[in-house]
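Let me begin by presenting the structure, written as structure tokens, before commenting on it.
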Amino acid sequence: MTRTPGTGSAGLPWTALLRPLHCDVAVVGVPFDSGVTYRPGARFGPAHVRAGSRLLRPYHPGLDVEPFAVQQVADAGDIACNPFDIQEAIGQIQRAADGLLADSGCLVAIGGDHTIALPLLRAAHHLWGPVALLHFDAHLDTWDTYFGAPYTHGTPFRRASEEGLLRRDRSVHVGTRGPLYAPTDLTDDADLGFQVIDAMTVGHDGPDAIAERIRGQVGDAPLYVSVDIDVLDPAHAPGTGTPEAGGLSSRELLAILRGLAARDTAEHPAARIVGVDVVEIAPAYDHAEITAIAAAHVIYELLSVLAVGRTG
Amino acid sequence: MTRTPGTGSAGLPWTALLRPLHCDVAVVGVPFDSGVTYRPGARFGPAHVRAGSRLLRPYHPGLDVEPFAVQQVADAGDIACNPFDIQEAIGQIQRAADGLLADSGCLVAIGGDHTIALPLLRAAHHLWGPVALLHFDAHLDTWDTYFGAPYTHGTPFRRASEEGLLRRDRSVHVGTRGPLYAPTDLTDDADLGFQVIDAMTVGHDGPDAIAERIRGQVGDAPLYVSVDIDVLDPAHAPGTGTPEAGGLSSRELLAILRGLAARDTAEHPAARIVGVDVVEIAPAYDHAEITAIAAAHVIYELLSVLAVGRTG
Amino acid sequence: MTRTPGTGSAGLPWTALLRPLHCDVAVVGVPFDSGVTYRPGARFGPAHVRAGSRLLRPYHPGLDVEPFAVQQVADAGDIACNPFDIQEAIGQIQRAADGLLADSGCLVAIGGDHTIALPLLRAAHHLWGPVALLHFDAHLDTWDTYFGAPYTHGTPFRRASEEGLLRRDRSVHVGTRGPLYAPTDLTDDADLGFQVIDAMTVGHDGPDAIAERIRGQVGDAPLYVSVDIDVLDPAHAPGTGTPEAGGLSSRELLAILRGLAARDTAEHPAARIVGVDVVEIAPAYDHAEITAIAAAHVIYELLSVLAVGRTG
Amino acid sequence: MTRTPGTGSAGLPWTALLRPLHCDVAVVGVPFDSGVTYRPGARFGPAHVRAGSRLLRPYHPGLDVEPFAVQQVADAGDIACNPFDIQEAIGQIQRAADGLLADSGCLVAIGGDHTIALPLLRAAHHLWGPVALLHFDAHLDTWDTYFGAPYTHGTPFRRASEEGLLRRDRSVHVGTRGPLYAPTDLTDDADLGFQVIDAMTVGHDGPDAIAERIRGQVGDAPLYVSVDIDVLDPAHAPGTGTPEAGGLSSRELLAILRGLAARDTAEHPAARIVGVDVVEIAPAYDHAEITAIAAAHVIYELLSVLAVGRTG
Amino acid sequence: MTRTPGTGSAGLPWTALLRPLHCDVAVVGVPFDSGVTYRPGARFGPAHVRAGSRLLRPYHPGLDVEPFAVQQVADAGDIACNPFDIQEAIGQIQRAADGLLADSGCLVAIGGDHTIALPLLRAAHHLWGPVALLHFDAHLDTWDTYFGAPYTHGTPFRRASEEGLLRRDRSVHVGTRGPLYAPTDLTDDADLGFQVIDAMTVGHDGPDAIAERIRGQVGDAPLYVSVDIDVLDPAHAPGTGTPEAGGLSSRELLAILRGLAARDTAEHPAARIVGVDVVEIAPAYDHAEITAIAAAHVIYELLSVLAVGRTG
Amino acid sequence: MTRTPGTGSAGLPWTALLRPLHCDVAVVGVPFDSGVTYRPGARFGPAHVRAGSRLLRPYHPGLDVEPFAVQQVADAGDIACNPFDIQEAIGQIQRAADGLLADSGCLVAIGGDHTIALPLLRAAHHLWGPVALLHFDAHLDTWDTYFGAPYTHGTPFRRASEEGLLRRDRSVHVGTRGPLYAPTDLTDDADLGFQVIDAMTVGHDGPDAIAERIRGQVGDAPLYVSVDIDVLDPAHAPGTGTPEAGGLSSRELLAILRGLAARDTAEHPAARIVGVDVVEIAPAYDHAEITAIAAAHVIYELLSVLAVGRTG
């Protein structure tokens, strides 16, 4: 008797009923999308990404590692979030994340919209203090407010920076593109301490150079990796809320992430990932699960980078 | 008042830029869906229904009336609503509806989710006092709270009843089906004064009998017609948020609405419509515009019933 | 005569048809849609309906007949039509139809848009003189011109009536619904000699009564059956160009057609079908082939009615 | 912390890890589709139907019963089946079903293709001896072989009848339609003891009369209900493998099933359901989950009929 | 001039009702697709691209310019075109374009199919004499006739060249690929004065080199940019009529266009754009608006290049 | 030999193929997908790829060759395969392939799933002895068994190698990516004699270098080219059964294939293709035919490489 397709990422054991949960990495869904400004639907992202993970197998040939063998990874189910009250939802997510981090060494969250990065960063900050942020996204997500609301999917990293959750000298956006509201969007962002590697630059320089540049920027600070799936081109990730033309291919994104596993060198220490979110997967706009599969591979790649770090 | 993507229904003149707006019927979009409990996306409903209205022509052969000739109908654009604060959005909708009703005799709103019925009923109540409610829906929408929130798409008619906006002896749900939370859902609903004609009964008795029963129930009270598109079977309206199997066909719904145009008789006075909403159209789940076309035809039918009333 | 879209890789030769083609019934595709006023795409209808016919089996249990055993039915491929010149295309279709009718007793055409009915009726008229028209459609298709053009998918039956191709006392529209341009649409149509059985009436009276009424109307005149697939509700036929809510179910349509096979009675002689078209299938708007399957079943039903007539 | 959407039908507790499983009704997925002759994909049916069941609530107003309160229902996960060896898969399903029936009083299987009915009927026969079969389907499924294969989705009920698993005087097909291979399909089927109520008859007589006729036919024999979702019209269930036009609406099917809950009368004893399968849901052809939702409602209706039987 | 469904691109003010229209750049829809040889549907392109432009914001960070601030851009609605008479439609488009160019300095047309380029080039020629043509497309579009028709979506640039509308020494196709009818397609094209940079070369040399080569070719001649969206790979633009594998990514196309904004150098003067069309967007084949979004970004990029030219 | 799905209405006779078929290259469909482990549906691949080939034209400008003029290419229809018995189906395919190869010099097969490569390689081996294998795929397809089954879509090349059908020193996988079961997957594969050029390497080195490396590897051995369409990224080929993120673009794949046409050099002899399969196209997951079009272009490219070889 097996369990149903659609449950447990990558065939991981369900452990939600067996709290307390002890593991090295906890994967958790955050089905919250009340912070979106355009197409909603990311609330169904966790189930969709889990379905897209059904084909994943245990061994990563590119990094020569078995990510589920060298570390214990568990699917912790989903965090219940109030869809009608953003601030209450943020509190719910933060408390759940604190609890999960007490039981496990690292949290990998599947969104949900990008609003969820703020409570996840707060929880990370509780354990490790300010973290470097490696942020893949078409957008900066450092706007101030939307409709006067301070907590939305376009504002988490401004709030995080204001709250001191981030290493301002160690954070970087990758893959941004498309129009902005004003030149001050860029200058405000720079004032918050972010570097920007836009999508055109990724295309021009290639993934290897970008990965090296990122490693130089984030250094050996504890690293939080936040992947808005819209960093991918709409061709590679149609199932998202605020798509912009001209994005990365899934191969480019995976290559950059894989580059984070490079061993320490004098110049560039190995990345030390302490938290991950992969967000903004909106299944109603997906086709043939291609966005879900891309997201599942991104998570698998990051789990493998984590695994390499343990075996280093 | 901002305008949304999508233009005037059925080729009606845009008049939003020419305030004050004087017309007999104002059609207005309400792109708000932060009150949904399951699939979001009705925020894009107004543009979608307008697109689905492009094939409508001026003459209604079934009722022998030209609804745009015997009354002035104008598309008033969309009401801007804060997606991050339900109560503020309700206030915005209510103020806009009050303003539009000052300029026009009747408001036809395109949702958006069913939360919007509450401020629209408040505005109707300002002019006409308690109204009879004719409510087409798979669901009762008289639940008390969701996640503790009193204002959502599942609660507008309980709130409306509590606020005294409705004629408790003159209101009726049509087309309900599917499971409920508890037997008290039905008894609470009855305590609020509602009659229920469920979808099985519509199938059993046929549209003519149902229309006659409705006319008997609502009498000559000022009538607010609220159509949740999920009253239709998912086959006829896949593009909605909380579909339930076993619903009405579009022909049944149109036939019932058409039956409201019957002239006064001793037993059943003619229906006197003073407000309309058609809600819960979620384009991301629609196919080939069939939900949009159904919604556009529902609005056209109701505009024609209104026109017959003027020529009676 | 060209080959059907969907056959032969990269235009490689399929062994050509061996003209002259001798058979009782010839099925032919007419991939022409330059006469449409709204959504185009019916040019791909013939290939789509053929694909939707793959599951059909040889025996019709409802009529107890094997339509391919009691008569010889052949697929004659597609008629090549100039997409850039409507009048030339009409001439091409007419010449091809004349040729096919010289070789076979009856022509069943798969559209393409409704423009093609005119040349097909001309060819039928060459053989049988004025024919009764049994026309299933959401629309009357007796408009005069569009953009000044006399030959479009909205005008074939006015042209046909003007040209004397139809028995004005023996023709009927079934399934009309939706708004018209003006009351004169109906009076003009009546002046051309048409009876109208609208979609609401089909719902009210049921298929058996409708079939009987049709048999009374068409009598024993040679009968041309023209089925615009939009006579079906958009739920049953999303893949079409000008959908209208409130249509027939596929079961209702099949039941009415089946009713044409009833044997002679004193009052109602058996229908004598001499030509068929099934048109306006637009694959780009179809889903899971449901429109194609409905159209294939309609053709199969009519072939079976024809077969019953031969065995009567 | 909640569990992910997509797991557990109707929010039932996962119990697969807690064997032995003691419950009144076990719901189990059978992700096997190697027996199909046309469109494959029903292997993903169980996950899809579970997703479509997320909106189900605890109380059935039409039958005034709480199906999860008056009986213990558990989701037993999925049965692992070899996709490359039909006979081995049949054995796997049969052994699992035997095991589940040892722990629970009734098995509700979600397919998978119709091949699975044979091993499920064998398991039912072990407990109750020959059962009455109430079979909803567009097809008879009593063909002999396909490509020489005796065990496919078109043959289970011939095999079952040959093996003596069925009450030949108490079995009935409902909803058949579309062409057959030969007149002998019908006579063979009758020889196997089946009554046939075709789809046209359902449309003509209405669900109440059909339900009564079924109750008369099946009597008080232990009843196995097998629902091929293609009994629904393609408009209501596009997500299936061998669709036929002219089918039932979801409201008609639910009404007939609900009619099974009628209390004993002198003429018609109450139905005594001992096994259920709902099969042939092929998600790749579904849209907006409408097939999944229909299937979930069918299961809910049958669970409610079962519950009424317990409370009778 | 009528307006179509869909509203102002990027929230620009509708000005069609306020003629005469005075602006620097007029955006106009041309909903004509009767010139297509394969999949129709580009008639709905203007509304679809406008919908895809809703997320555009005012500031272009890559070019550091605010395209709506440094120049006045207005949406002029759609040009009404006769779908049944190509030559009449060409006349209608040409007259409308002449009128719009009298009021504005530059016209940006949204197709519609590529037939529309001919009347637009005629209008451009009236003002500026022969123009350089920068043509992005999978196809050469310099064929002679289709079905004997001289004016179709495959022939505009042969006609334009024959009419002397183009600078034969300054024109270039970019992105061609896929099979041709004969080697003479290429030699004829060269005889008409075109350079060809095929899609494989774009992949091999990269966007920067291509942009430089284009600037060298077109020089300082008045430049008309014609973008058939099928220059993009079907992955990036599924919603088009004649897709060919092996195309450009949206990032490559945007990068080449951005390269046109490079300032004057001795070798390569700045591009001087005087007209733009973006054509062949067929919404029925699009998914999740990815083609619409790509087209909207292409227009935004070109508006920004225009803006840079004004601020140079 | 049966006819292709998609031809002939309702199974009506198409004038049969006139065996024996004499040609240089025979294209044949193999509608078999009972060997798949995940998403089925490739049984409909041949009809889908033929539909996607309708736009192909006779002249290949990149290779300056007319592939249908310099060699005779014929479409041989489809091979009938038993879907219920893999080993019988393999025998059917092998016998048909032997027959076709007796009449033609080269076989190009359209799958179907990858199981079919084994009988096709056996047939090739009968004529040419061990062949070099150039295998494009996301997966190695050299696994041993699935569910104990030795003949599936994941195992053909292990079986082929074991049977001595392949030149172990001349075979190469291109485009592999995604997780494996264990490190031994790679070492086993190497033991079978395969070289591996994974997808990341293709991205890093570019198509020209990869084509040269392949030519070096395969040398002048008779070459069998097997293309699993999932070698393409899901963005370029969503319509397949086991998609993996991070794949090739269609332009990259076409460029590599085109590179096989390079003339002999001292170091790298020209490729000598003797057999081709293009497999795993699953139409139910395709959108707007983009996978079909990619597959059709791949076949056209290979036919053109073959043609260049004849004219060399």
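Letters A, B, C, D, E and F mark the chains as written, and numbering starts fresh at 1 in each.
Simple rule for what comes next: contacts are C-beta pairs under 8 Å (C-beta built on N, C-alpha and C of every residue); 3 or more make two chains touch, one makes a residue touch a chain.
Since this is a predicted model, take the numbers as computed values, not measurements.
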Farthest chain (mean CA position) relative to chain F: B
Chain copies touching (chain A, chain E) - same or different residues, decided at half shared: different
Farthest chain (mean CA position) relative to chain A: C
Duplicate of the D-F contact set - from A-E, A-B or E-F, the pair where over half of the pairs recur: A-B
Intercentroid distance (Cα basis), chain E paired with chain C, Å: 40
Computed distance of Cα centres, chain F from chain A, in Å: 37
Numbers and ranges of chain D residues touching at least 2 other chains: 44, 233, 235-236, 249, 285, 287
Residue numbers on chain B that touch chain A, as the complex places them: 33-37, 39-41, 43-44, 82-86, 146-149, 152, 284-285
For the chain B and chain D complex, residues of the former touching the latter: 38, 177-183, 185-186, 198-200, 203-204, 233-236, 238-239, 242-247, 249, 285-287
List of chain C residues in touch with chain D within their complex: 54-62, 64, 66, 206-208, 233, 235-236, 249-252, 254-255, 258, 287-290, 293-294, 296-298, 300
